């Protein structure tokens, strides 16, 4: 794995003491910040945690997004902006032609030319067609981090044969991301049948007692199948990042 | 079915007008109440709704339970008291030797000698061993109403093969009561594989995000499998009553 | 009842071993899936669980709905799409002229020519005029499954005489679907007066402490009347499916 | 009504200016406080708001309760302490022999000899036997305030005939206090049949989705019957005080 | 008071038996229903419970509202429709010129010419200017029921002197309706200073931890001042009805 | 500090008795109210509590805001209106040209010419760029009260080095306002490193389990770092007022 | 103020580079940790944040508390352990005779001999007698930090005159800690009358809709009075720490 | 990795067809169930999912636990029973002397003699001393699965230097389990500094707004640091299982 933080604080102290690195270098090393009037872009994020910096688009206007992504593009870093609605996405693409916008997953992204690190080692599995918007965010995030996922869609537990059919393939991947709304039973069933790490993603698809996904989230956390981990509702991005942490360790 | 309310209000008015029934009779017919200083025992309940009157034991002391069950015993009605803790149960059995107490299901009951109406037409299915206390309340309620259930225990989705194994038998019953705690996925999976009426019972077994069963309850209500109905948390009694309503109609 | 799953897994294994069915046949039998790029349409659903396949329209765009319903129409299966807003409904009807759209119940449907299985055996009962949109979804679902319901509207408990007036008729049906918003008292009152299976549907009609129906839902689940079963908020579709499971058993 | 605050602030200012009352008198008049090291007993409460001062026993130890009630007894004011458990109650009665303890309603009280203001003008109505502990707190509070209530117990909606039977009597009172747990439907049904002021009291009797009375409370607040008012869960004391405010106005 | 239900069920039975009233008359008396295809208008409501029938406008379209109010107008009954948005209100007024629409309180109403029953016996008190929309619904409902209220606006506890200033006037009314959002402290403070019946109305004005009024509602229910009663969030209509029940008793 | 209430009630009583102040003067002193038909503007607020009167714009229309701010402007008091959307803001500015509108912080304000009381004694610290709208409301409120804040933006804990970098500066201020959404960890970390008073402001930025800021709010209240105080979600205004209370005491 | 962190990280780096402090010294300075097998006692806490280290007693057994407090006693640091039940408290006092236990506030403490920093600059104000346990924790924490508070108990808004009476005194303190349960209105009323910093503490005293203090907490956060800050439910300790942060700045 | 399910369903079908395995063998292979009257012990769990079967002790009595663990011991499988209170633990140990009970982590376990698979590849990190009971359950589960963890206790964010001190060591492990109560900020801070997979465990340690851990859980799920995964409250067992899924893949 080539992505861990290269120098721990103790090591930096030593090198600084011995003069191997200058005062400016230790400060820069610790900081890795590109300053904007309203933001401090974390350009050292990938180096430190192994994941591309991601911009949370919700609550930011197009001007702010354009300013931040420009900074990242100057550094030739991969770009990922999540939760971008269609009109903001269009405006950003008009200004920065290298960006591409995915209306289903609601992401803006730019991926530097470079070979994939892995292919078909992680699978994105989806219970229903209505959950696809979360799967799209997840797939884009994996791709930006250069892990090309396999996909299995629409295999929820209401028609168990669809899952059993896909099971032999599912058992071949190194890590599984399982996305489901409603009662969220799919990760439990898969976790009882498979030995890999499983990251469950609850979605906001449902109504009434479903409470915008809180029920799915809590049901997944209460799973009787052991060793399931969970991320926030609709958080396809976070699930992909968790998988990247794992894949980069293999 | 011999249990519907025998006279509608309109019919009673007619008969009363024509003198077929007296003033006292119409009042008694409408009422069916045995009065106690602190309660009005509904001795016509079974005649009206097809189910044995049941006493909710929680919040009543042993003296009150003894007084009420004695009234019912005088009428030779079947007796069922739910949510009775061990010490109250023992005290009641000391006073009324015909009562029997089930410590797991926490019920007091007395069943008149009479043949079962049905046998093995309803199944009580249980996801985990920890849910058995709810199953016991359910089985006792069915038995008091003279429907002898089949049972399948400990076949939760974490080990799907246990369910698939039992499936051929499960498909033979007329109505299914499916009891589960944790994420409550079992009724969804069964509802996707079986055509019968299914009554799902969430249990309070779990912790943390499970919130004493609210999560299981809401997950079952949000099921992606269609035609599932749900009763309150740990309500083995209510699920049995719903099944009785159905079985008496067959 | 002609709708149960015709072959259990064990039976299939036997036939497959004896060569009565081929490898392709056992796979097809187990699967019953029509594949689309983004979905796996469950064309064997009706055969397996006795209910017409239903498409959950929320979170799907018109193109996806058109693709899925076309697959079902090719199989001459009845079509039901729920939670479809007016503009999506209009677009689908423009492309597939055999579909009809109900703006109140928000459903798209197509029903093959075939006689009703039952008429007036199930009643759809509604507490208030504002709950009618749920009743419409319920009635359409019953009709697609070829059970023609009776209806009683606007008989909530605030004017008890309206209910008592309808009671003699209500007592004649085989199963009751009772829809109510606000405090949801109607199913409790009916369950105390009637012996049939009762499926209660809470609605999102109310405000403030009503919390979009959570209060009605929890109140129905806490009913002091026994044997009531409940489905999710506004789930007229699910209540109809539960009734179909029952009616097909009679 | 002889209980309103006898002097408004403006009037007091005038009298003080004119010397009709002294500096000490205006301060005492405004205050009406008996000081203890840990409390300021509101001995003018009854004069100001028409209700006897009540001590909330929860969170106070026996010593504190004894000190406060002694102060009130010196003033010959009626005494009411609510939420007192059995052991604290016994300890207080040992020290102050004029106090009486009600184990069901969990109150300590002492009532000065004086004729009732009203008899049978207010009714305490109770849905189930398990709700009686709230009714007892309510009845004691009314009695301490010298309004003797009528009572109707165990007439919940699961057996509607019990309510219809009592209806003619219920329509004769001036104000109704209606106590119910579970789904809390009784006040709605009564409010649709009666014209008097109705104070609904939700109780903590129930389980699961009932959430210790929150569901009953919210259901009562969401009632489709108009003009219902509601107090806190198990708040028999508060309901009685609201009735006293009304009865003192008649 | 001339508004109670004139005949109890028992009395009706007697008269019917003796032939004083005919079969049609007893049915009509019990029913008081004007039937529409989608609704059963409760034209006997005022006679039975002393309050004008009110139509809950939310969830009904303009056509339905027009049909129902026309029925009521034929009976020369006062008309009140609540929760009507501006466009629906305009459409109704175009068709039925006798209706008037209040955009702040969002009501449609028509009031028959008749003298007020009371004037300035009930006060509508409002903590803040943002709560006025609830006060308007309340005032209109009182007026439709012919009780003309006094009003005190914008006297919340953040500037206590405004309340103390109004206190002498407030102490003169027979019943107080106190409307507040945010933390809802005003009813508590008034209840500690006044002896009348007090109906507290929480509003949805606030944000964050205020949770659309749930916090205000629960705070009012938890008031340390005794004898406060509460209605649902923003329920100016319900508070007025509760006051009418009281005023008609005086 | 020159802002406390200059006369306590006791003192006023004395002066009034001695004739130093007239009847009108004591009333005016106690009141400080400018009356409008729908509001009572608290023009003595600043004198009494040291903070400029603020108008809560949500739920008020432009006409009401214009009427109230005009009253304040007549008194030459600083003006602050919060929660004003863009169209209302524009309408107010058209009518009252001295007002200025901030679209990010959604405030209308007018600040009398007068020197700042403090500069850089309070810092407004922000975890993420999406939280800036709350910071803007906070900064404007401080400025209206004549305290000019320092600012540190975008230094959330996901990139700890950004915080450590700013720490030396942060330790120099007298009071810290720390604004964060998501999990809200920033105030905890700062409180463990700094000795000043810290006011934490949770924001509504987040999704799913974040529940519009309730999670951030509760997390900040549960902080393991001691001496943190918290205001409502998105309440930049309230945090500024709390800081003003403190700064005016220094 | 002599309590800020004496060396920022940047300064430490400089001194370390110049050899003014050794490698061991910089590590010790940064750490200030006394290691135990199961804990790392933060003996530099007071130096860094101005507050005495406090041990959260809940979830720790007596052995662990004894081990930790012994470490602190060796450093002659003041000792405060909160949330200690009576039996644990007794056991600790048996082993370490210098500790004293307060059964009402549930604290263990030891205070080194040293003069108070301030007296009567902070006031602890309490709405009701049942809230005293929180006041005790608060007072002990202030005392351990050498700020001697003034106190005002039992002056809740249900008897407003008690508050108005105490107001002249209350207006003289530099910071107010206001403790209330139930609806928590007291801090709002005080904040409208006083100009000082106010820290509100909600308590768990109440029942039903009070939800163990969540309602009080949310009501205080929703206060219409500006500049109120809030700490967690029953968190007398945290309120005291917030006051210490302020008092040390004066 | 040697723990995946050795035969997929398709492969089994093939072998069965070709006679390589008998009818009994395919059934046994699919099942792997040891039957008890009340349970179906999943003895093939480890083979299928790579984790030792674990018994959830809550809701089971000592007799049931003894019966189930005996079955597992016969198979020489490692034994783990979680959530066992002290008295049940003692009773089980009396009967089955090979079991050992951990009172802090509340587990019963028996570990077959066999070398560890990994040592110091996974770290169990704990924010506070009060969270240790969760850490113990986690450590025991890892040990039963033959992964020996490193540990870092009491390094919560209130004293950030404790964390920074441990950081160099923490960056060397392959997977991190981070346990925290209160506001749960530790995993966020670590995730911003480290590149490994991180499993966050919220604990029930806290009070008031902490809501028994729901706040910690939701805060962790809302983390601004990317790639964090979360398990249920106090679920040390589940976090260990997730780590095992990962470690077995390396």
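Going by the order they are written in, the chains are A, B, C, D, E, F, G and H; count residues from 1 in each one.
Everything that follows uses one rule, which is that contacts are C-beta pairs under 8 Å (C-beta built on N, C-alpha and C of every residue); 3 or more make two chains touch, one makes a residue touch a chain.
As the structure is a prediction and not an experimental result, all values here were calculated from the model.
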Would you pick out the chains that touch subunit F and also touch subunit H?
A, G
Please tell me whether the contact surfaces of subunit B and subunit D are same or different in residue numbering, using the over-half criterion.
different
Which pair in B-D, F-G or C-D has the same interface as F-H, with over half of the contact pairs matching by residue number?
C-D
Starting from the mean Cα coordinates of subunit C and subunit F, work out the distance between those two points in Å.
53
Using mean C-alpha positions as chain centres, tell me how far subunit C is from subunit H in Å, no decimals.
41
Based only on mean CA positions, could you tell me how far subunit A sits from subunit F in angstrom?
37
Among all residues of subunit F, those touching at least two other chains are 48, 128, 158-159, 164, 191-193, 207-211, 217, 221-222, 226, 232, 235
Residue numbers of subunit D touching subunit B in their complex, please.
128-133, 153-155, 158-159, 161-162, 164-165, 205, 207-211
Touching residues of subunit D toward subunit G in the complex: what are they?
27, 30-33, 38-40, 42, 44-45, 48, 56, 58-60, 64, 68, 83, 202, 204, 212-214, 217, 232-235
Under the stated contact criterion, what part of subunit B meets subunit A in this complex?
127-128, 156-160, 181-185, 188-189, 191-193, 206-211, 215-226
Contacting residues of subunit C [partner subunit B, same complex]
1, 3-5, 8-11, 48-51, 54, 164, 167-168, 171, 174-175, 191-199, 217, 221-222, 226-232, 235, 237-238, 241-242, 244-246, 248-250
